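Which chain is which? They are A, B, C, D, E, F and G, in the order written, and residues in each are numbered from 1.
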Amino acid sequence: MNIKPLGDRVVTKMAEAEETTQSGIILAGSAKEKPQFAEVIAVGPGGVVDGKEVKMELKAGDKVIMSKYAGTEVKLDGEEYVIISQKDVLAIVD
Amino acid sequence: MNIKPLGDRVVTKMAEAEETTQSGIILAGSAKEKPQFAEVIAVGPGGVVDGKEVKMELKAGDKVIMSKYAGTEVKLDGEEYVIISQKDVLAIVD
Amino acid sequence: MNIKPLGDRVVTKMAEAEETTQSGIILAGSAKEKPQFAEVIAVGPGGVVDGKEVKMELKAGDKVIMSKYAGTEVKLDGEEYVIISQKDVLAIVD
Amino acid sequence: MNIKPLGDRVVTKMAEAEETTQSGIILAGSAKEKPQFAEVIAVGPGGVVDGKEVKMELKAGDKVIMSKYAGTEVKLDGEEYVIISQKDVLAIVD
Amino acid sequence: MNIKPLGDRVVTKMAEAEETTQSGIILAGSAKEKPQFAEVIAVGPGGVVDGKEVKMELKAGDKVIMSKYAGTEVKLDGEEYVIISQKDVLAIVD
Amino acid sequence: MNIKPLGDRVVTKMAEAEETTQSGIILAGSAKEKPQFAEVIAVGPGGVVDGKEVKMELKAGDKVIMSKYAGTEVKLDGEEYVIISQKDVLAIVD
Amino acid sequence: MNIKPLGDRVVTKMAEAEETTQSGIILAGSAKEKPQFAEVIAVGPGGVVDGKEVKMELKAGDKVIMSKYAGTEVKLDGEEYVIISQKDVLAIVD
């Protein structure tokens, strides 16, 4: 699979509602809500986005926390992804 | 047919709800929703759009993922197209 | 008749719900919706609009596709026109 | 009467729902809606408006077409006027 | 009483629903609506407001017409005032 | 108590619904509405706020009139305060 | 645990509805509302956020008052955190 986000976007794969990261953190999200935890799969090139220079801070493999209401859900090969602007990613967890 | 988008817009032809790309990816969209996958048919010249310089990153033939709620549907010669700003195209799939 | 649009506006005359352009394209619009196809009748001078320099790309005689919800309908001499910002014109068809 | 609009505003006097201009155009507006045709009575000085330099293009006596939902209705000496930003005036008719 | 408006604001005292100015204009406002006519009582210093340089055009004593939905009503010493941004004052009447 | 507002914010203590200032002004607010009169208790440092340089004009002790719908109510040590941006303070009363 | 906020964001841990700070201030929030008091746990790097340079004023350990409707609640290791933009933090209490 080859998916190339445009601009300041990243493609993320949603984490299960509860999972343990390598450092042992239990990431818990309500089973009924869209989970807020995800892993970055692909990162856009950044550059000028809406007239403003954007530098990408995220890289593939980052575990991130996202705003609940941001991003676009996309189904590819039977799996759920969320494509989201880097500015709507709140934090990196490791 | 000759359709020339203005500014940073591209004309896209919606993909069927399920189709397989050349690289074998199955693009699945809910049959009831406007599909999010499309092929770029024509690309605007870019330039100054709303006071900001825009460089076109897309080209005819690109398979793209779009925001569900963006773009304008247009029927030409009996076929459905979506005219959309490049900034509302989320990613290129190949 | 002499109608001079201001700023980046153009005056367009709505096309019938279905018509064939000179190049043979059938332009089809739902009979119940405001048609999206129109012919440019008059073009504003452009210049500084809302603090941004705008260059007019359209000219009288252009066949255009417009956003369904943009523009202001005006009745002049018994005919319907739409006055619309050039930035809400999506594409030129020929 | 002496009414001096501020900034980029103009004072207009609404035309009757149907009237014929000197060039013979019949200006028709729905009797139930606020008419869209008006004559410019007074013009503001322009200058810096909301941080942007505005040059006045309109002058007293211009017959104009306005956006239906723009401007503020004011009653002076028993007559209805609309005070409106020049940027909400769509076109000049003559 | 000493009331000093901040930034680009002015303090105005609402006119009665109907009154005659010195030049004989009858200012009529619907008795049920907030009147649109007022006299300027105090003027702010202007300067940089929301990042933009604003020059005050109004002075105490000016009779003005205001947007119906702008400004904040304040009761001081039993009298009604409206504090309003200069940019929401539409015109000066004299 | 030590409360330090950030950016262009000020901490204010709401005045009673009716009180007389030292200069004898009776400040009257509807008993049912959030009062619009307050005394400034602490002032933020100003500086760059949302990309714009802001200079603080207010100082502790100022009696101010505020927009009814602006600011955040906070209870500290059993007393009500409102933290508000300086740009939502309408005027100083003395 | 290692959580790194992006841009101008800070991670805060909500205070109990009522608690006493070291300086003896009783922080009281309605038990039914999201409390407005929190302690800063981690601070983003600042830098260019939405095209504007942001300098971080907060540091881990700061007790802060936040806007009631700002920020995103996140559950990590069974505890509630709020990730919030520095610009939505109203004041520091000590």
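Please note the rule applied: a contact is a pair of C-beta atoms (placed from the backbone, for glycine too) under 8 Å apart; a residue touches a chain by one contact, two chains touch by 3 or more.
All figures in this text were calculated on a predicted structure; none of them were measured in a lab.
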Those chains which touch chain F and also touch chain C: none
Magnitude of the superposing rotation for chain D and chain E (Cα, nearest 5°): 50
Rounded Å distance between chain B and chain G, as computed from the means of their C-alpha atoms: 41
Whole-Å gap between the CA centroids of chain C and chain G: 51
Residue numbers of chain C (touch at least two other chains): 51
Sequence of touching chains round the ring, chain F onward through chain G: F, G, A, B, C, D, E
Interface residues, chain A side, partner chain B - complex: 1-7, 9, 11, 42, 44, 48-51, 72, 74-78, 83
Chain G to chain F touching residues, read off their complex: 23, 25-29, 36, 51-53, 55, 57-58, 65, 67-68, 86-87, 89-94
